[in-house]
Each structure stands twice: as C-alpha cells, then as structure tokens.
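Same chain, two partners: subunit A is paired with subunit B first, then with subunit C.
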Partner chain A sequence: MKVTIDGVQVELPAGTSAIDAVFHAGQDVPFFCAHSYLSPVGACRMCLIESGSPRKNPDGSFVMEGEGDAATPKIFWFPKPMASCTMQATEGMHIRTAATSDVVAKAQAGMMEFTLLNHPLDCPTCDKGGACELQDRAFEYGYGASRFGFDRRHADKHYPLSDFVILDQERCIHCKRCVRYFEEVPGQEVLDFIERGVHTFIDTEEGGLPTGFQGNITDICPVGALLDNVARFRGRNWEYDHTPTTCTLCPAGCSITADARNGRLERVVARENREVNEAWICDAGRFGHVFASEARLTKPLVRVDGQLVETGWDEAIAAIRAGLDGLNPADLALFLHADSTLEEGAALEALAALTGTASVDHWPRYPAEVLSNATLNDIATADAVVVLGADLGEEAPIVELRVLEMLRGGILPPEYAHGTAIADLRLVERPARKPEKLAVIGSPSRLSGHAGTFVQASHADLLTLIRPDSEGARTALNLLNSAKNPVLILGADVLNGASAGAFATQLSDLVARTGAKVMAIPAAANSRGLGHLNLVPRTGGQGYAAVNHTRAAFISRLDPVAAGQRLGGFSIVHDTHLTATAQAADVVLPAVTGYEKRGTTVNVEGRLLPLQQAALNAGEAADLIRTLAALAEALGVRTRIRGLKSAQALLQTRLGVDVTGLPEAGVIRPLGPVYAAPTGQAHRPQLWTERMTLKPDPWKATWVDRIESLVENKWELPMAGAQTAGGDD
Partner chain B sequence: MTATLTPPKPITSGKDPRFAPTLYAHVGQDQSWTLEYYRRHGGYEAVKRAFAIGNDAVIDEVKKSGLRGRGGAGFATGLKWSFMPLNDGKPHYIICNADESEPGSFKDRYLLSEDPHQLIEGMIIAAFAMRASVGYIYVRGEYVHAAERVWAAIHEARDAGLLGQNILGSGFDFQIQLHRGAGAYICGEETALMNSLEGLRANPRLKPPFPAAAGLYGLPTTINNVETFCAATQILKFGPDWHAGMGTEKSKGMKLFQISGPVARPGVYELPLGTTFRELIFDWAGGPLEDIKAVIPGGSSCPMLPYDDKTLDTPMDYEAIAAAGSMLGTGGVTLIPRADCIVNATWNMVRFYAHESCGKCTPCREGISGWMVRMYEKQVRGRGQPGDVQLILDMSENIGGRSFCALADACLGPVLSSIKLFREEYDALANTQTPLYGPRKRWKDV
Partner chain C sequence: MKGETLTYFADKQPLVADIFSRYPASPQGRRSALMPLLREVQNAHGYVSEAQMAEIAALCGTTATEVRSVMSFYSTYHTVPTGKYHLQVCSTLMCSLAGSDELWDHLVETLDVQPGEVSPDGRFSVQKVECLGSCGTAPMMQIGDEGYYESVTPSKCARILAALHADTPLAPDNLVPVTVNAEGRQTLATGEMVGASIGGLSSLTGGTA
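And then the complex of A and B:
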C-alpha cells in the first residue's frame, strides 16, 4: 500500500492508520487522545489532516488526471480536515499535514486554542511542566495567545481519586485516556465522564480506584491532571535524574524509569517495553519504591558491648576478621536474596569456590525445577490460558495484565519507523472479552474474577489438572487440549508443594499431551538467573532454611529473623535497612537497593534485562560485588571479582552470555534452574502485601507525625499532605 | 392478500390536489390510540400484506416508493434496510428514534401519542423485512404522555398477538421494548442513542463500523425515525406507486411539516414533498401575524433563509432547499419576526446546543459549549466589542467540520446564516452595544 504524505511516498501495510502513516513518513501531527495501547477514539481533534484518495471508474480503472503518459490518478480530497487517528490509510491516499497545508495549520491552531480555553495554564506549579504533551504541542502548534476573554472553568484542583492518584479537574482536557485505560487494560469500569458539555469532568462512581494498576493513568495523562500522589510536588521534571532501568520487585522485569532528585528516589514511571510490560507497570512497582529513600543504612555497624554502633568499612572488616577468628573460611555460609543481579551471583559463586564453603544458597526459591518456555507475548496471543496455583497480583502483576490482554483478543500493536503504532485501528472501545479462554485453579484472586472457569483449591496441585476430579478441572484440561496455542501458568501454590522428581515428569507429560507452553513464575526477581548459576547448597552444606545451624553466615538482604528463624553463629548481614536480622547480627554492612546498581537480571521469560544505577544517596552502602571483595579481604582470600566488569567477564565464560550492552528490551536466553536442591521451606511471594500495606493517608499527619511513624513502621509512603500543600496554585 | 387498499379520497393541496393526509389522518380523533379504533380504520392490514408478499418484496416496495429518512438526513430508507446482513445467524435489532428534541420539531410527538399502532405496525413491517427479532423505541424523556400511550399500545398489540411469537400465524417473532431517554439531545444521534440504550454514557461512537454492521450490543441494527416507520406502514397499505406518485422526482411521498412562530395556525401539516413555503405559511398556517424576516426551514440546525418571495416560492423538498442553501431537516419551519433581535434569537438556539453538547470532542465542548454561547451572551448583554463578529466567524471556521459528530455543525447552522443575513444587527451590538431591535415582551407576558 503506497501512501503519500506531504509529497513523501511510503510503503505501508494494509490497516495502518493515517496518523501512523504520517509519523512513519517522518512528518508530525499533534495528538492527545490517541495512545499506542488504547483504542483510537477521535476526541481531541488535534490530529487533523487533509486527505484525498483516488477513485475508480465502474470498470475498475482509476479516474485519471492529465494527458497520456503524464496522467496520474486524480485525487479526490475530502472537503474538510479529518482526524487521522481514526482514519485508515488506503492505497494511493494523499495526506497533507500542517507542514504543507494552511487549512490544517489553522485548524490545529484553532483546536489548540479550544483545548487551552479552560486549561488553567498553571504550568509553573504543575508537576507535569517540562514533560507535558499539552505544553509542547501548544508551543509547536498553538497561536501563542488566546482570544478567550472570559473566566475559565473553576473546579477542584486537589481531588483525590484514590490515595495514590490526585485529579486536578481544571487541568483535564477530556482526552478520555484514563477512562479507556481502565476499561480496556485491567478491565475495570470505574472512571467515566460525569456531566456534559463544558462542565464535563472525570470521576469515579463510588469513590476510590481499584488497586493493582491504577497508577498507570498518571503516566498516560497528557497533561498534569492525574498525578502520582507519592511523587506530587517532589520535583520538577528537569530536576530529576532519569535512569532507565528494570524493576526488581517481582520476576516480571518491567522496564521503568527511576527519577531521583537530590539523592532521593522520588518517582518511578513506566518505560515502554513492547515485549514485557508494554506501557504499564503495577502499583507496587510505581508507588512501592519509597523504602529506597527512607531509613536507609548508610554506614556499617558493628556490635560493641551488645550494642550495634556505627563505624567505617575498615573497622567492620576488622570486626569480621576478629569474629571469624578460629573458624575456617569454609565455615562461612553465603546466602543472598534472589533478586540480586547475575553479576552479584557470579561474584558470590566465585567467592564460595575460593573458600570452599558448601553452604551457599539463594532465597527465595521453589523446590521444583521447571523450565518455562512461554514468553509474555505468548500469553497475550495465546488462545487459552490456565493459571494453576498462582496469585498473579502478588507474584508478578504484569503477567495478569498480559492474561487480560489475551482475553480481549491479544492484539499486539505493529511497529513502524517511529516505534509502536500510535493508533491501532483493530483496538476498539469496550472490547468484547472472552472469559471462556481463561481457567484459574487455586485460591480466589483478582484474576479469577475474569476467568470463565474457576476451581477453588487451597493447595493447587498439578494432579488436579492431570486427573481432573471436578467439572471445572475437566474444563480447564479441555481448554489446554483443544487450544492451538495454550499456555499454562504455574504459581507459588503449585511450585511450593511440588517434589522435584515426580513433578517434572508429570509436567512434561502434560505438556507433551497438550502442547502447552509453560510459564512458572519464579519466587523472586532473579531466581531464574541465580538458579542457573547453581547457587544452592553443595554436598554437606547447609541451605538457607538451616541458617541457625551455620557456624558463621554472610546474609545479603535476607531477613530470616523476621520469618521466625534464629541466627546461628557469627552473622554478617548485608542489608539496606536495619531489619530484624540486622538488629541481631554481629556486623551489619550497608547494601544498595535494586534501583542503585548496575547489572543484569533474568525475568520470568528468561529475558536478560539491564539494571542501571539511579542517583540515590545511600552513604557508604555498597553493592554485593564490592561487599564480597571486602569480605574476601577479611577472610584473607584473594578474589578475582572485585567489580562489575570482572563479574561480567566471569559471566561470559561461565554462562556464555554477553551481558554488556544489552538492548533496552532485553534478550531471551535459555537460562533456568540447573540444580536439584530441595528446600524445606515454602515461600509465598507477597509483592502487593509487602510493598503496599502501609496505606498512605493523604489527609493525615504533619511532617513530624510522619517521621515518627517512619521510625515505628520502619518506612512509609510519604504523601504530600493537603495541609502542607498550600501555595501551589 | 397482496392487494393494496384504495388510497383515501383526495381533499386538498395546492401542490397536488389528489393529496390526502394518511400519517396524520387519525390524529385528534377520539380514542385514535386504541387498537380497536386502529383496526376499525384499516389497521394491521399492511402488516398482513407484508407477510403475504415476503420480506425481500417489502424492501423492494420501500425502495420503489422512494421513501427517504424523515429524521433529517434524508437517506434512502429502502437502501438502508438492504444494508442489513441477511443470513449471518446473529440477532438483528431495529430501533425507532423517537428522541425528537430539535427545537422547532414536534411531529413525532403526536404520531406517538395519537397513533402509536401506526408506528408499531411500521416497526413490525421493518423488522420482518430486516429479519430483526427485537425493536426498541427510544422516546424522548419529556414525552411522558406519548411514552405511556405507546407502552399501552405495545401491550394491546401483544395481547392481540400482533407482537410476540408467530405474529398473525406468519411464523415471524418480534418484540418491541420502549425506552425513555433521560433528556439529552445527543441521543437523537444514532450511535449515541445506542450507547444510551446500552446503559452507557451517550457519546457518539466511531463510524465505521456502521450500525448495520455493528450497532446495538455490537449486532446489526437499523435505526429509523418515527415518521419513517409510519410512512412504511402507509406504503405497504397503499402501495409504493401511490407513494412514489406524490412529491417531486427525487423527494417522493408526503411529509409532516411543522410550523411555529407568529402565524395564525401553528401546528403540524401533512403535505406532499415539494409544497412551497408560501402554501404552508399562507394557505395552511393562515399567514404570519407580524412582519417576518427569516425562515428556519427544518428545525433549528438548518441555516435560516431570508423571508422573501424567492424563499416563499421554494418547494419544500430535499433538493430545492439544499439548492437554496439550507436543509429540509425534520420539516420544522420556524418564522422569526422582524422586530426580534436576531442575535438574541440565535443566542437562544446556541444556548440549546451549548447545553446539549456531550463533551466528547474539543471543538464542541470548548468551542460551542464553552465559548460560542458566552460570545452571544456578551453581545446580547450589551458588552460587545468591535471585532467580536469576526471572532465568532473565525471560531466557527475552526469548529465547522472539525468535530466528532454533527452537533457542532448543527449549532453553526443558525450562527453562520444569521450573521450572513443580518450582519448589521450583529455589528450594531458589537460596535454600539445597542440592538437594532430592542427587547420585546415575551408572549406569555403580553
């Protein structure tokens, strides 16, 4: 299909919208209501273009213009400008944008004037200022001045839609993105326009927004109407250090941008990754970052006369050396959290090889070895999904969104020269969902409400599917059997209860019979990568579950004491906060969070994703690689791995993967658990519960109250309180 | 029985002396809304004939009759009916658009309240032709009386076996539901009406897909005006040739014309299409009661025409009025007196559209609802400034043809035409803050 835009002819696939044709050709139109992952709606009327198409004679030939060889198909122009986001480009179509058409330029300037009529223009105090689509487009396409001589509409400027999202009703330009987002992506009909005409405003019917994915509307709002309450008034867009990185709170591995200011992490926004999280992230990932800047350990602590006192690294190393006196380096057990990077895992493995310790473990992990082979796009485009024993909202929320995407048709947007299609005309408002394509077996969860088949089972077992004993289970099995591209999602419930050997056989039988792809949700962000590094107890060694039996232990960012365990002998704790375990430790070394380290993580699909270091101020905190180097010094061994580069070089030889210069979307490598190491302890990921239980109360608390509650609860989401938010308009 | 009835005996019409009213023949008669009365006057004979000739033949007859949509746009009804997919295995719907809200239009109201069975019969015929199983009548919320009469008529028809399973032994099943609107003009727009019927916010939908492909609940749907369904009843009753014999070459049949404003006998008059304004205003409505300066030919959204001999001799049909620079619309003729300030009169209409803008798209929400109406208020309140008229014109250019649906363009009809015809009145208000025609007592104050 050949389309000509401002004289530039481009070749496009059929079905392309006119707006994508324009951008593909390198031209530009302004738009507010269109969004790559939402249905085109044509409400803002900014993307006007002039268009014309050739017409055919009754005999099928084109109506021509000109004489002889110079004849070209005559273009019949539409009498008025059309919205390009809702129009399909057709063969031979000609399009004029503002660059070549005065009609379009005037129409867009006029439309911009209308859009700005009732917009308060409080950009100097607006959080969106500097990163605002309306601001940018007004400069590019507007008149520069308004002829509107009346009072603007006045409405509530601090209207809390929920604890996390604040609506400024004056700034809203009625693009309807947030309404469509809730209807189409998480499938929740909660927002809508109320009233009509110029009085139209956005509101929820019953107050509050459903938890889970509400924060995404703050990303897609083209103006500063919907703002992230956690980050509100925390900084201007040009003051933030924007770090593109990967979220390590769950194994989904969403691409995010961490925005830090003055050494504090103030905001997390979603970054588009077509393969993983599209344009969305979960609320835990967006709002649950506050711990990274609250009550951090900034200096090492050593126990003196029963009390932990702050000290320097040299003193801490000396204390470790003294504490381990009389012990063999091989007696020091090494445990690390499974959200550590591949590089950190490689460094730990190298140190374990040097000291010869058999007690090495990463936690959390599940007993069963499952090699999942389904990608997130496989889920979205599957024709049947069976979820077994998973509470996706707690384990990997983005997987839940991709399952919901499957239910509404699994349409993956095409890609053009300008990236993801801006208006995908296959997406429709209020899409028909097909719940019969989804079966959920396990405890009730948010997703089970969308499922056509739900079998309640307190402990989901693969056998419920293999030997179905109920109508629902039979339906689920039929779904797998009859579908062409089925996907089986396994969660904590089923993986915890599995005994390694039989489970693998059962699963491979089931997969062989049904042809299903499998996605086993790992227990933590990088369980899959660390599993591949074989960081499990060697013969004769102790696992993490037996931490109290160790003579000496190095525990990185794990909190066994809070889980009811006791520490064994001499304990070195490497953590970001003063956890219960740290309080019981002999030496505490300050660690960095997942937002402030470089490295590589492996997500649920086996995709290698890069982590970048956000500019957070964490004092003398050090990542695991450097901490292990210091530990080696205390142990009197010389490790080769003293930094990121050497760890990456080790990974190259160890796993045969080059993790330097990964593309932002990551690459899939067949990494997965290679061990057979049962664990005696069950683990249930609780992303939402852990990150979001401390619900903010925006109307509560002076600053002092907040500090006190921080001390008591360790950390809490800082909210821009109404009382302290004066003077912003 | 496939023979048509004999058309009624001619009475009057300067345009066509053979013409006699059929749509409104029983309006105003005692008990005309009952089934008993309707049957006594040849009711439900047309539907029997429809069943006898078969559904494709019904569509052919409607095509042959030259009937065009009476809701305003004038799209060929037979053609529209033939767009419905035939054997797609899906349920089909038909909708009767009885959300008559255009200022100046009041023809459907009496069809609904005085002759509801005519509508029900027309809907059965249409449903039979288009293989629809359910019909919805979307009645304007304010038409309480009409809705009650229609509802009662639906019950009567159900009890008589005219609705429900196996209607009149034909094997055809059809049900009618009545829905009362909640007071939004935008629900007269077909896709907004469907959204409203589905329980959603009444915003117009994106077209394509057109309703015949994906309408109500995503299923094939055809939507017609009350008068169109009633005309279908008459066409099946008296035959397509009878219908095609009235009117002009391209605008065939009869039409309900409404006339309001200072005339001796305002009201609804059924006349053949192509009747002149002069005949309607003088012969039927008894002539104007005072000096007139403008005529709105078909409901407030149609651009006004000057009140002169040329306009008066214009035939009221789709083509002739379009040639004169306006639209036939719903046939709601409104006369504007010379002594009324045209800016004030237009403000009245603009206020209506500003109030009824649904808020979906920017030019209508901000341009009409937020700005245009305030510009008019500014003029009428004596706060006008030089340049305001030019600003209104420029604003109109930015609104016209840029909006999502036709509501914004409808508002521009009176705005642009009144500025074109009576620029001096606008200029007087903008430049001197004094109207050429000062305020008058309203009729109820007289």
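And then the complex of A and C:
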C-alpha cells in the first residue's frame, strides 16, 4: 500500500493508521489521547491532518487529473482536517501535515488554544514539567498566547484517587487515556468521566483505585494530572539520573527506568519492552522502591563485645579471617538470594569450586527442573490458557496482564520505523472479552474473577488436570485439548510439590497429549537463570533450609531469621539492610539493591535482560562479586572472579552466552543443563514486603523532627561541619 | 433519608424483568437498561443515592463508577435529595436577557435555598438548567416534570410561589413537550405517541445480536 505524506511516498502494510503513516514517513503530528496499547478514540483532536484519496469510476479505472501521460489519479480531499489516529490509511492516500498545510497548522494551534483554555500554567511546580507532552506540543504547535481573558476553571488540585495516585483536576485535558487503560488493560472499570463539558473530571465511585496496576495511569497521563504519590515533589525531570534497567522484584523482568536524584532512588517508571511488559509495570515495581534509599547499610559491621559496630572492609575481612580460624574453607556454606545476577551466581559457583564446600544454595527456588517454553507473547496470543496453582498477582503480575490481553484477543500492535504503532485500529473501546478461553485452578485470586472456568482447590497439582475429578477440571483439560496454541501456567502451589521423576513425566505426558506450551513461574527474579549454575547443595552439603546446621555460613541478601530459622555457627551476612539475620550475624557486609548493579538476569521466559546501575548512594556497599572476592581473601584462596568483566567472561565459557551488550529488550538463549535439588521447605511467593511500603507520612515526620530539633537548639540552624577545600572528587 | 431502602429493586422483580426485556439479552444489552433503572429510582425518591447507584450497577453488570458517570452527564438526575417542587430555571441566553438572573436571585433569596439544598419545609429545591426551548416566552422555569411556567414576571413568580406554599400549584402554561411514559414510549404533550415503540419489535434478519 503506497501512501504519500507531505509529498513523500512510503510503502505501508494494509491496516496502518494515518498517524502511523505520518510518523513512518518521518513527519510529525502532535497527539495526546492515542497510545500504542490502548484503543484509538480521537478524543483530543490534536492529530489533525488533511487527507484525500483517489476515487474509481464505475468501470474500475481511476478518476484522472491532467492530460495524456501526465495524468494522475485525482485526489479527492476531505473538506476539513481529520483526526489521523482514528483514520485508516488507504491505497493511494495523500496526507498533509502541519509541515506542508497551513490549514492543519492553524487547526492544531486552535485546538491547542482550546486545550490550554482551562489548563493552569503551573508548570514551574508541576512534577510533569520538562517531560510533559502538553508542554512540548504547546511549544511546537501552539500560538504561544491565549485569547481567553476570563477566569479559568478551578477544581481540586490534590485529589487522592488512592494512596499512590493523586489527581490534579485542573490539569486534566480529558484525553481519556486513564479511563481506557483501566477498562481495556486490567479490565477494571473503576475510573470514568464525571459531569460533562468543561466541568468534566475523573473520579472513581469504588472508594479508591485497586492496587495491582493502577500506577500505570501516571505514566500514560500526557499532562501532570495523575501523579505518582511516592515520587511526588521529589525532583524535576531534568534533575533525575535516568537509568534504563530491569526490575528484579519478580521473575517477569519488566523494563523500567530508575530515576535517582542526589543519590536517592525517587521514582520508577515503566519502559517499553514489546516482548515482556509492553508499556506496563505492576504497582509493587513502581511504588515499592522506597527501601532502596531508606535505612541502608553503608559500612561493614563486626561484632565487638556482643555489639555490631561499624568498621571498614579491611577490618571486616580480618574479622572473617579470625572468625573462621580453625575451620576448613569447605565448612563455609554459601547461600545467595535468587534475584542475584547471573554474574554474581557465576562468581559464587567459582568460589564454591575453590573452597570445595558442598553447602551451596540459592533461595527462593523450587525442587525440580520444570520444562518451561512459553514466552509472554505466546500467552498473549494463545487461544487458551490454563493457570494451575498460581496467584499471578503475587508471583509475576505482568503475566496476569498478558493473560488478560489474551482474553481480549491478543492483538499485539505492529512495529514501524518509529517504533510500536501509535494507533492500532484493531484495538477497540470496550473490547469483547472471551473468558471461556481462561481456566484457573487454585485459590481465588484477582485473575480467577476473569476466568470462564474457576476450580477452587487449596492444593493444585498436575493430577488435577491429568485425572480431572470435577466438571471444572474437565473443562480446563478440554480447553487445552481443543485449542491450537494453548499455554499452561504453573505456579508455586504446583512447583513446590514438583519432584524430580514423576512430575517431569506427568508434565511431558500432558504436553504431548495437549500440545500446550508451559510457563512455570520461577520462585524469584533470577531463579531460572541461577538454576543453570551449580548453586544447589552437593552430596553431603546443607541446603538453605538447614542453615542452622552449618558450621559457618555466608548469607547474601536472605533473611532466614525473619522466617523463623536460627543461624548455625559463624555467620557472615551480606545485605542491604540491617535485617533480623544481619542483627544476629557476626560480620555484616553492606550489599547493593537490584537497582544498583550491572549484570544479567533471566526472566520467566528464559530471556536474558540487562541490569544497569542507577546513581544511588550506597556508601561502601558492594555487589556479590566484589564481596566474594573479599571473602576469598579472608579465606586465603585466590579467585579469578574479581569483578563484572571476569564474571561475564566466566559466563561465556560456563553457559556459552555473551551477556555483554545485550539489547535492551533482552534475548532468549539456551543456557544448558539445569541443576535441581530438593529444597526442604516450600516457597510462599509474596510480592509486597514490609520494607517496600511507604512509611506513613515520611515528609511530615521529617518536618516535625526538624522543627522539634530547631526548638531544642534555640532556633540555631544546623550547619555542616568544616569542609576541607577541594574534596575527593 | 426519606423512603430510601438499600435494595430498591428487591421487591420489584417484574418491573426489572420488564425493563431488561426491552434490550438485547447480551452484556451490552444489560448495560443499556441503565437509563430506565435510574429514571425509576429518581421518580420514586427524587434522587439516586450512592447505595442505589451500586445496586443499579450490580443489576446492569457494570460498576458504580460507570453509573455515576452516565448519571452525572444528565442534569435531570440528582445525587442529592430534591424538594417536593423542583424549580428548574432556564439560564441560557434568551431567558438571561429577559431577566432569568433576577428571577434566580429572587427565588434563592425568598425560598432561602441554594442549589443542592432543600428548603427547611421540604417543599423547594432549585436548579439552573440550559435552554428548554421556550425562548419566545422568556424568562421561564419548569417545575418538577409537570410543565413550563412561562413569562415569569415578579408578580407571576409571587403568585406561583404563594400557590406552591399552599400546596395548590397553579396549572402550568404548557406541558413538557415530550415525556416518556411508563411503557418507555415518547409522548407529546398532546398525547400523541412519537418515536419507535418498544412493543412488537422484530429482529433484523442476518444478524445475531
């Protein structure tokens, strides 16, 4: 299909919207309401273009213009500018944007004047300022002045829609993105326009927005109306250090941008990844980052006279050496959290080989290797999904969104030269959902409310499907049998009970019978990747569940004491916070969070995704690779793995993958055999942990504290101590 | 709260079934019954409370947010109680030129009631509305669903209010031009039926919906 935009002819696939044709040709139109993953509705009327098409005579020939060989099909122009986001480009269509059409330029400037009529010009105090679509487009396409000389509409500027989202009703331009988002993506009709005309505002009648995926509306709001309350007033957009990285709170591996300012992580926003999270992230990933900048351990601690006291790394290494005196290095058990990077896992595997310890483990993990070959796009485009024993909201929320995407047709917007289609005309408002394509077996969850078949089962296992004993289970099995591209999602309830032999046989039988692809949700962010490294207890060694039976243990970012376990002998704890385990440890080494490391993680699909280091202030904290190098020094062994580069070189030989220079969207690569071992305990997935929730009113508390201290100090302002000139930077 | 019950439709199942029978038996069709259900509650109570919005949402298979959104679009639905006589003063251009602002101020002062309130005796509530199509007889107001009171001069206003205080309302100058009767049929003030009948509908051939 040939379309001519501002005189440039481009070749486009059928079904392309006019707005995508314009961008594909390298031209520009302003728009506020269109969004790649939402239905185009033409609400904002900014993406105006002039367009026209050739017309055919009754005999099928084109109506021509001009004489003889110079004749060309006559273009019949629409009499008025049209919204390009809701118009389909057709063969031979001509489009003129503001670049070549004064009519369009004037229409857009006029429309911008209308949009700005009631918009408060409070950009200097608006969190969106500097990254605001309205601000940018008003600058590019507006008149620069308003002829509206009257008082503007006034409304509530601090209207809380929930604890996490604050609405500024004056700034809203009624693009309806947030309303459509809730209807179309999580399938919750909880937001809508109230009143009409100039009085229109957005509100919910459900007593607040449901936690889960509400934060995404703060990303898609084209103005500063919907604001992330955790990041509200914490910095201007140009002050943040934007770090594109991968979220390590769950195995979905969503692409995020971590925004830090003055060494604090202030905001997390979603980054588009067409393969994984499209444009959405869950609320835990967006709002649960507060722990990264609160109460961090910044220096090593050693136990002196029963108390943990701050010290330096050299002293900590000496304390480890003294504490392990008389023990064989092989007696030191090594445990790490399964959201550690592949590089960190490889470093630990290498150190375990050097010391010869049999007690190596990562946690959380499941006891057996489970075939898992479905991608997230496979789920979205499946024609049947059966979820067995999984609470996706706790285990991997984005998988839940992709299942919901499957229910409304699994339409993935195509990709053009400018990126994902801005307006995919196949997406419609109030999409017809097909709940009969989803069966959920397990405990009631958010997703089970959308399922056509729900079988409540306190304990779900594969036998529920293989030998169905209820009507619902039979329906689920039939669903898998009759579908062309079915996907079976397995969660914690099933995987905790998976044993090496029988489970694998049952699953492969089921897969052979139904042709289903399988997605087993790993226990933690990188459990799937670390499973390919030998990080499980060897013969004679202790697993993480038996941490109290170790003669000495190195525990990285795990908290067995909080889970009710006791520590064994001499304990070295590597953690970001002073956890219950750290408080019981002999030596505590400061660790970095998932936002501050470089490395590679493997998500639920087996996709290698890069982590980048956000500019956070973590004092002397070190990642696991450097910490293990220090530990090796204390143990008196020489490890080759002393940093990221050597760890990545080791991964190249160990797994046969080059993890340097991964594309931002990640790649799926085979990683070789999986090491599995019994775990000795069950894993209960929990997305939100206590440290991720914002403490009530941290600002108020800070101000009260400050004022109280001012009163106590007779209103003397606190002064920084004497600074040495020059500094160390 | 006068006459409010938490489940307004609980004892009116035949009525609910009748309203739903006017729409296709699909999820979209169920949602379409929103307007007559709202009208039913409003006619009975003079307003629709939040509890009843939630009840209607459950009946239609939607959410209270959607119900409130539809309701708030129409100025004829009320979320707060209205008086026995709901005075709707046209405030669009023609009436405004003819003195509707003075009429409004007079009503608000003499009745001691603001929009959204009911006068202490429960009789009066006031609302500014947009053009009711009686521009030739401006200024005008509509009282309840009864009819139009036209060319409301100060003396005529005093007569109307005195009659209402005595609960002997004057006859309106004109009936409301078009009303919807209990069968969902549009009726002119003359009694003539207009618009499509909801009875005797037949499905179009070739379609499934």
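Here is the rule we go by: the second predicted complex is superposed on the first by the 683 of 729 C-alpha atoms of A that agree within 3 Å, B and C clash if a C-alpha of one lies under 4 Å from a C-alpha of the other, contacts with A are read in each partner's own complex, and residues count from 1 in each chain.
As a working rule, a residue touches a chain if its C-beta (ideal position, glycine included) is under 8 Å from a C-beta of that chain, and two chains touch if they have at least 3 such contacts.
Please read all numbers here as calculations on a predicted model, not as lab measurements.
Contact with subunit B, but none with subunit C, is seen for A:V41 once the two complexes are overlaid on the shared chain.
In the superposition on chain A, A:E195 contacts both subunit B and subunit C.
The larger set of touched subunit A residues comes from B, when the choice is between subunit B and subunit C. Of the two partner chains, subunit C is the only one that A:E205 touches; subunit B does not reach it. Look at A:S255: by the touch rule set out above, it reaches neither subunit B nor subunit C. Touch criterion not met for A:T246: it reaches neither subunit B nor subunit C. On subunit A, the surface patch touched by subunit B in one complex and by subunit C in the other comprises residues 192-193, 195-196.
Those residues of subunit A that touch subunit B in the complex are listed here as 40-46, 48, 79-81, 83, 86, 106-107, 110-111, 113-115, 117-118, 147-148, 150, 153, 173-174, 176, 192-193, 195-200, 429-430, 432. Taken together, the subunit A residues at the contact with subunit C in this complex read 189-196, 203-206. On the subunit C side of its complex with subunit A, the touching residues are 50, 53-54, 62-69, 72-73.
The touching residues of subunit B, when paired with subunit A in their complex, are 184, 186, 200-201, 203, 205-206, 218, 354-363, 365-367, 369-371, 374, 378, 391, 394-395, 397-404.
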